[in-house]
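Report on the structure given below.
Note that the chains are named A, B, C and D in the order they appear, and that numbering of residues resets to 1 at the start of each chain.
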Amino acid sequence: MEARRFSDEEIRPLSVKRDQIEGGFEPWDWDIIEKGSKLGFRTLAVPKEWGGQGADFVSQAVVMAELARGDSAMSKAFSQNWKWSHLIAAACTEDQKERFLKPFLADHRYVMGRGITEPNSGSDNRLPPEDDPKAGFRLRAERKGDEWILNGEKCFIANGSVGSLFFVDARTNPDVNIKQGGTLFMVPKTTPGFRIGKVFNKRGWRFYQNAELIFEDARVPHANVVGTVGGASATGKGDNTGGDLFGDLELAANALGVCDDAVDLAMQFSRSHKRAGKYLFEHQLIQLKLAEMHALTEALRSYVMRVAWIHDRREPSANAGLVMIYSTDVIQRVTALNMEIHGAEGCLMNARVDKLVRDAMVWTHLAGDNVQRMRTLRKLAGKPVPVVSGD
Amino acid sequence: MYDLHLTPEQLEFRDTVRDFVENEIKPVALHPDRLQPFEKPLLTELVDKASQMGLRTFALSEDAGGAGADDLTSCIVLEELAAGEVDIATVLGHTSFLGHVLFDQLLSAEQRARFLPKFAEDDRYHLAFAGREPNAGAGWSYHRALAEGGAELSAKRQTEGNWVINGSLPFVANAPIAKLLVVQARSDPKKTGANGMSMLLVPSDAKGLTIGNPPKATGEAVRWHQGTGASVTFKDCRVPGDHLVGKEGQSPLADGTLLARSVTQMAAINLGLGRAAYDAAVDYAKIRRQGGRNIIEHQAIGSKLADCAIKLELARNMIWKAAWAADHPDAVSDRSLPELPLHTMARVYTARAVNEVTLLSAECFGAMGVMRDMPLQKYVHDGRNTCTTDSYSRTRMRLTMPPNSQSRRRSRATSGRLLPNGLTGDERW
Amino acid sequence: MYDLHLTPEQLEFRDTVRDFVENEIKPVALHPDRLQPFEKPLLTELVDKASQMGLRTFALSEDAGGAGADDLTSCIVLEELAAGEVDIATVLGHTSFLGHVLFDQLLSAEQRARFLPKFAEDDRYHLAFAGREPNAGAGWSYHRALAEGGAELSAKRQTEGNWVINGSLPFVANAPIAKLLVVQARSDPKKTGANGMSMLLVPSDAKGLTIGNPPKATGEAVRWHQGTGASVTFKDCRVPGDHLVGKEGQSPLADGTLLARSVTQMAAINLGLGRAAYDAAVDYAKIRRQGGRNIIEHQAIGSKLADCAIKLELARNMIWKAAWAADHPDAVSDRSLPELPLHTMARVYTARAVNEVTLLSAECFGAMGVMRDMPLQKYVHDGRNTCTTDSYSRTRMRLTMPPNSQSRRRSRATSGRLLPNGLTGDERW
Amino acid sequence: MEARRFSDEEIRPLSVKRDQIEGGFEPWDWDIIEKGSKLGFRTLAVPKEWGGQGADFVSQAVVMAELARGDSAMSKAFSQNWKWSHLIAAACTEDQKERFLKPFLADHRYVMGRGITEPNSGSDNRLPPEDDPKAGFRLRAERKGDEWILNGEKCFIANGSVGSLFFVDARTNPDVNIKQGGTLFMVPKTTPGFRIGKVFNKRGWRFYQNAELIFEDARVPHANVVGTVGGASATGKGDNTGGDLFGDLELAANALGVCDDAVDLAMQFSRSHKRAGKYLFEHQLIQLKLAEMHALTEALRSYVMRVAWIHDRREPSANAGLVMIYSTDVIQRVTALNMEIHGAEGCLMNARVDKLVRDAMVWTHLAGDNVQRMRTLRKLAGKPVPVVSGD
C-alpha cells in the first residue's frame, strides 16, 4: 500500500527530527508535504470530477491511520485539507469551486484551514450557552457594498502559518447567537488587511501548525460567503450526516495509527530487552500491559472502521462523535502504557515513546474534552430533553 | 500521643520558602523564555540564592551550621521549593540530605573538621553520591532468586595507604555541580552485593576523575530525570587513606537504610510539582469564562479540581507519615505504625497521583495546556518524568523484594498481615 | 508537635476489639448459613455482647459511664468492629456517637439525670437521629441556587407546653432498635433550611410514633444501607415540653457541624470492611497453589495485593487525620492543617478505595470470589453499597456546596488556595 | 427479530424474579428453556444437515447479545449448548453424533456442559506451568477392556445440575503434562458411578447452573472418547481457528447485551428523575458518564461484530481472546457507571441495576482474568519468545 510505504520510508525517518526543532513554525517542512501531495495525499478527498482521488471514508480512515503510524502531526497536516474538500464539495458555489478548488489542486503547497476559535471563545462556539446570546466568536464582519470588512482575531488556527485559504467564521449580526448571527467566509492568504499573528509552539503535534489570524479592516468580497449570510453553523460543517463526520473520524483514525505505532514499539522493546535475566515480555505485569494495549487498539480499529463504513452509507448516527471521544481515552492509555513498558533506560527516555505521549495529549482538548462528550450525548438524546448548556 | 500540630519553626520554614518561590523562583522558572526551549539548564543563580538562605544545608544539624531540619521538616521545605522549580529542589535536596548524613552521622571528628568548614562556608559546595548502580533486577526478580547486574566501582588500597578507584557509573545525581563526591566502591572483589563495599570521599577536582556532560533534552533518547546529573568515570583516581568513611568493606550506605529517607524527600518534591499544577489550574478556572460563567463553576471542571485536591492531600498524608516514621523508628515497635515500607508507598503513590494531577490540571486549561510558553505542559512533562524515571522504578521495586530478604524488615500491616511484596506496576490505586 | 504515637489505651482498645471480632463475630458473621441468604437480619446477640463490653458507649465520657473515646479512638474501634461485621459496627457507632453528643454535650443537667441512667444501664438502649432529610439538591445545585426539597417533620408547641409532632421520614438509621429518638422538627414554619428547627427527645414507645419495617433485600428495589433502619411516622405524637433539647427553633444539630465527625466514623467502618477483604485475599493467596507456586508469588496477584495495601493505608491516613482534626479544631487556625473538609475527603476516598479493594481481593479468589457461601462476595456487595449509598452521595455532595455558602467554612488548602468545591463524582483518584 | 421479542417478552419479566430465588439450583427454570428451545435458541448452532439452524457466528453473536439484554445468565444457558454443537461438529465421529446429537435435537430439556476445572486446578489447565508436568486436572481415567474407569471430581461445571451430557477432561497418563496426558470423554448423565455433587450458589449469573461432578468408578465406554486418547487439548476446543473461537466470542457478545441493557436503564433513569430541579440528564457529570457508557458499548459492539465476521471467514487471529478480555473491562465499567447514575434512592437500590453489576462480576474470573490476558498475548506473540508460565 502506497500510504504505508510513504509512511515508513518518508515520514517516519523525519518524525522525531522535525519534532525536536525549536519553535512553533520551524518543525514544519514543505518538502514532505510536496512529496506526499505528489502521491495524492493532500487531495485524497477531492471528488473525482474535480480531479481528486475521491476516496471514500473507509479509504480515508485507512490512509490517515497509516500516515499517523509514521507521524501523527504530519498525517493531520495532510488530512486537514480533506476536511475542506468535503466542505467545498458540499457547500460552495460552482464559481467558488472554480476559484479555490482549482488552485488547490494545482499547487502542491496549497493548504487550507478554518478559523473558529478566538481567545475568549472556545467551548462556547461548540456548545453555545442558551442564556447568553453574545457568547461565541466575536470576529466582526460588516457589509460595505460588495465587500465585507472583517475585524478581530482568531487563534489556534490549523495550518494558520502555512495556509493559502481559510474558512473563517465571523459575526454578521452581533445581537443574536452565533447560530443565527454567524457567517462563513473564504479568506485567501492574500486578502488585504489580513495577516498571520503568533505561531503557537506546542508540546505535541509540533510539526502541525496552529497560528493566530489577524483581521484589521480585512476586505473580503461578498462572493466569498459560503452558503448564506447568517447560516454559518448550518453550512459550515461540510458533509455532516450525523455530526462533523469527517473531523470526528479524522481524529479517531489518526489515534489508531498512533496506537499501532505504540503497540509495535512496546512489543519490540519487550522482546529485545531483559530484566532480571528474562525478557520483559516474559514478566506477567508486562504481559498484562501488552494485552491491554492490543485489546484497546483492536477495539479502536473495529470502531473506526465501522464508523467509516457507516459514513460511506450516509447513515446518520452519533457514532462519529463517540468514536472520537473513545479514541481520546484509548490513545492516552496506550501511549502511557507504552512509556511504562519502556521505562527510563538509565536516566534517558526513548524520544519516540515520549513523542507519542505528547502527541496523544493533544486529543484531550481537541477530541475528547468535556464539551465534546456533552455535545455527543446531546445528539444521542435527540430533542425531548432540553440540555442546559454550560452546566 | 497522636498530634498533627506543626511547630512554629516548621510553619516559619514553610512561609519563608513559599515567599522565596513566589518572589524569586517563579518569575524566572515560569518565564516563557525559560519554558519554551527543550534544554533547561539548571538555574544556578537561583540555586546560589537559595543556598545563601540556608536551603543547601537545612537538614544539617544546627551544631554544624545548618538548620537541623528532621525528615518531616525537610519534606515540608522540599515541597515548597519544588512548587517553584523541581530541578532546584532536587539539587538542594540532595546536598542537604547528604550533608546531614555525612557531617552529622558518618564522618569521624577529624574528617568533619577537615571537610565541614569548606562545606559550610561555600554556597556552591554541593555533594553527590556515586554508589553502586542499584540492581536493576531487584523488582523484576519478584519471588525469584535475585539476578545479578549493575555497574559498580572498584577501590584498591595501595601499600602506602592511598586508595585507587576505577570504573564508571552512567548517572550520578548532582555530579556536574558537586565539589565532593561520596563514592562507594567495591574494595573486596570476593564479596558481592552490599558486602565488601567501601566508602570514600573524592573531591571533584581529583586527578583521574572525569565527570561527563549532562544528558541532552533532544536526540534519540532524551534527558529523563530531575535535577542535574552526569556519568562519572574514575581512571586510577587516587585519594588519601584517610578519605575512607567508616570501615573498609563496610560502607555505611551500602544497605540502603540511611538512603531510605531520601525516598520520602523525593516524594515531597513530586508533591510540590503537583501542587504547582493544581494551583495554576484553580487560578485559571476562576478567571476563564465559558458557558456564561467561570469554568470553575462547571461541574465537569469542579470535579477534576476536587479530584486533584484529594489526591494531593492523600499524598501529603503518606509522605509526612513516612517522614515522621523515619524520624521515630520506635513507633513501629510500639505498634503505633504498621511494619510497612511507608517511604516506598509514599513515593509510589505520589508519583502516580502527581502524574494524574498534572494531567487533570492541564485539561482545565484546554488548548493552553499544551502551549510551550505556558507552565502546564512543563508540569505534565515533569510529572510523567518522575512517574517513569529510573529512580521511581527502583523505588517501586523495593516493594517487591522477596519476603525473606534480609535487606528489609518483614512488613506487618496494622492488621497484623504481611504485605504481599507485590510489584506495584498496576495503576489502580 | 507532629506525633503519630498511639496511646497505650488506644492500642489496648484495638487489641480488645480485634480479639472479640476474631473469636466472637467472625465465626457467626462469616458462617455459610449467614452468608448465603439474601436477608441478613441484624445479629442482635452479638450486638448485645458488644454492648456488654462497652462498645455501645465507647464515645460517652467516662463521667457518664462510657469509655471517653475521642473521634480518633472511635475510628480505631469502628475499623476493628467493621472488619468483623459492618452492620454491627454501624449500629454501635450510631448509638455511641449520639450518646456522646446528647449526654456529654447537649442535654441539660436535668435531662441528663432523667435519661442517662436508663441509657447507661440497659445494654439494648440504642439511639436514633430522625433529622430533616438532607436536601438532596445540595450537591447537584453546584454553583447554582440551592433547590428546595426533602421531607421534614413539624413540631407544634401546645398551649399547655407539650409538643405535637407530625410528618414522616423515609429512612432513619437505628430506628428499628432505638429506645430513644432524637427528633429534629420544624417548629417555625415561616423559616426554611436549618433555621426554625427544634430538637426533641421521643421515646420509641411514644403514642403516635410508628416505626416501619426495615427494607427488604429482595424485590424491585433492594435494601442498600449498612446497619439497620426504617421509616418513621409521627401522627399527632405528643411529648412533654421538657423534652426540648436546646432552644426552640435552634436545634443544635441543624447545621451539621456536630454531625460531621460521624462522617469520619462511617469512613472508618468502610475501612474495616476493606481490610477484612484484603486480609482474606492475602491468606488465600498464601495457600492457593497454581503455576507451580503459591499465587502470592505471581507478579499479577502480588501487584493487586500491593495496590490494596496502599489504598487502605491512604484511607487510614486520611481518616485519622480528619478524626484528629475534629478533636482539635485549633489546628486549622494555627495553620497546621489545611482548611479543607477533611472528613468529607476521608469519606469519599475511603468509599471509592474500599470498593476497589474488595473487587481486587475478590479477583484473587477466582471463581471462589463469587460464591455465596464465601465471604468475598459479601465484602464486594458491602463495598459497592457504601460507595453508592444515599449517605455517601450526601456526603460527597458536601464537597460541592457553593463557595459562599455559610454552612461550611471557606476551604483553604495548605497551599493557600480555595478548594474548588467540585463535585467528586469522578473516580480518578 | 425473534430473539429480541423473546428477550423482551419472555426473558426480561422473569429475570429479576429468578435471580432473587434463594439457593444454587432453585433459580433455574425449565419452562423458559423449553420455550426458547421451541424457538430454536437451544440448537441455534447445530449444522443444518443435522436439523439445527446452522447460524453463522455473526447471527450467533446477535442472538446472544439480544438474549443477554433480557438476562445474561439465561442467554448463557442457551448458548452454552452451542459451544458443544461446535465441538460435536468438529471432533465427533458419525456414531457419536448419531448417539448424542439426535437426542439433543429431540429433547427441549437436553442441555450440555464441559468439565475441566477441579478444586485444585483452574488456571493450571489453561496455562500449564512448563516446569510442573503434574499441574492441571487430575481426574483419573484407566482403561478396562472396552471401558474407562473414571475417578475424581470436577467443580464449577456449567449446566452441571441440569445437563444430560458432559464433555469431561480426564488424565489418561498422569506422568506427562495435560497436553499429552489428557483425554476428552463424553459422559451422559446416566453413566453408572457418576453423580452431581454440590450446586454452586453464586453472586451473579444465578440462573445459570454450576455444579460439582463426582466420579466414583464411573464407567464410560471407549466409544465415548472424543478424538484420540491423549489428545484432549488438541480436539477439545471444537472449532478453534485462532483460539477458542466460540467461547471467547460468546462471553463478549453476552457482555454486549448486558451493556445495552445498562445504557438503556441509565438513559431512562436520567431522563425521568430530577436532582435539584433538573433532570439528571442535564447535569454535566451525568452527561460525562452517559457519554462514556455509550462510547464503550459501541466500541464493544464494533469489536464483537468484527470478530464474529472474521470467524465466519475462518481467518485466524488473536482477536477472539482480545475481545473477551476487552469485554470484561467494558462490562465492569458500564454496569458500575449505570449504578452510579442510579445511585441509591433513599436507602434502596434498583434491583436490576444491582443484578447487572453482579452478573458483570462473573467476567472477571471467567473472561478477563490474568491468565486469559497472558494466554492471549502469547498467541499474539507467536512462537519466538518462550513465555515462562506461572510468572
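The working rule: contacts are C-beta pairs under 8 Å (C-beta built on N, C-alpha and C of every residue); 3 or more make two chains touch, one makes a residue touch a chain.
Small disclaimer: the values here were computed from a predicted structure and weren't measured.
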- What pair of chains is linked by the most C-beta contacts? B-C
- Looking at CA centres, what chain is most distant from chain D? B
- Note on the structure: Distance between the CA centroids of chain A and chain B (whole Å) is 40
- Task: Could you grab the centroid distance between chain B and chain D? Build each centroid from C-alpha atoms only and quote it in angstrom.
- Result: 50
- Taking each residue of chain B in turn, which ones touch at least two of the other chains? 144, 293, 298-301, 303, 423, 425-426
- Message: At least two partner chains per residue is the criterion; list those residues in chain A.
- Response: 278, 283-285, 288, 370, 374, 391
- Message: Which residues of chain B touch chain D once you look at their complex with the stated criterion?
- Response: 144, 298-300, 303
- Please name which positions on chain C make contact with chain B in the complex. 1-7, 10-11, 72, 83, 142-143, 275, 278-279, 282-283, 285-286, 293, 296-299, 301-307, 309-314, 316-318, 320-321, 324-325, 328, 331, 334-338, 340, 342, 345, 348-349, 353, 356, 360, 399-400, 413-426, 428-429
- Okay, in this complex, where on chain C does chain D touch? 36-38, 136-138, 140-141, 144, 146-147, 149, 170-171, 215, 218-225, 229, 289-293, 298-301, 359, 362-363, 365-367, 369-373, 377, 380-381, 384-385, 388-390, 393, 423, 425-426
- Note on the structure: The chain D residues in contact with chain C across the complex are 16, 20, 22, 117, 120-124, 127, 129, 131-132, 135, 156, 200-204, 275-278, 283, 285, 288-289, 339-340, 342-351, 354, 357, 361-362, 364-366, 369-370, 374, 389-391
- chain A contact footprint on chain D (complex, rising order): 267, 271, 278-279, 281-284, 287-288, 290-292, 294-296, 298-300, 302-303, 305-307, 318-319, 322-323, 325-326, 329, 370, 373-374, 376-378, 380-381, 384-388, 391
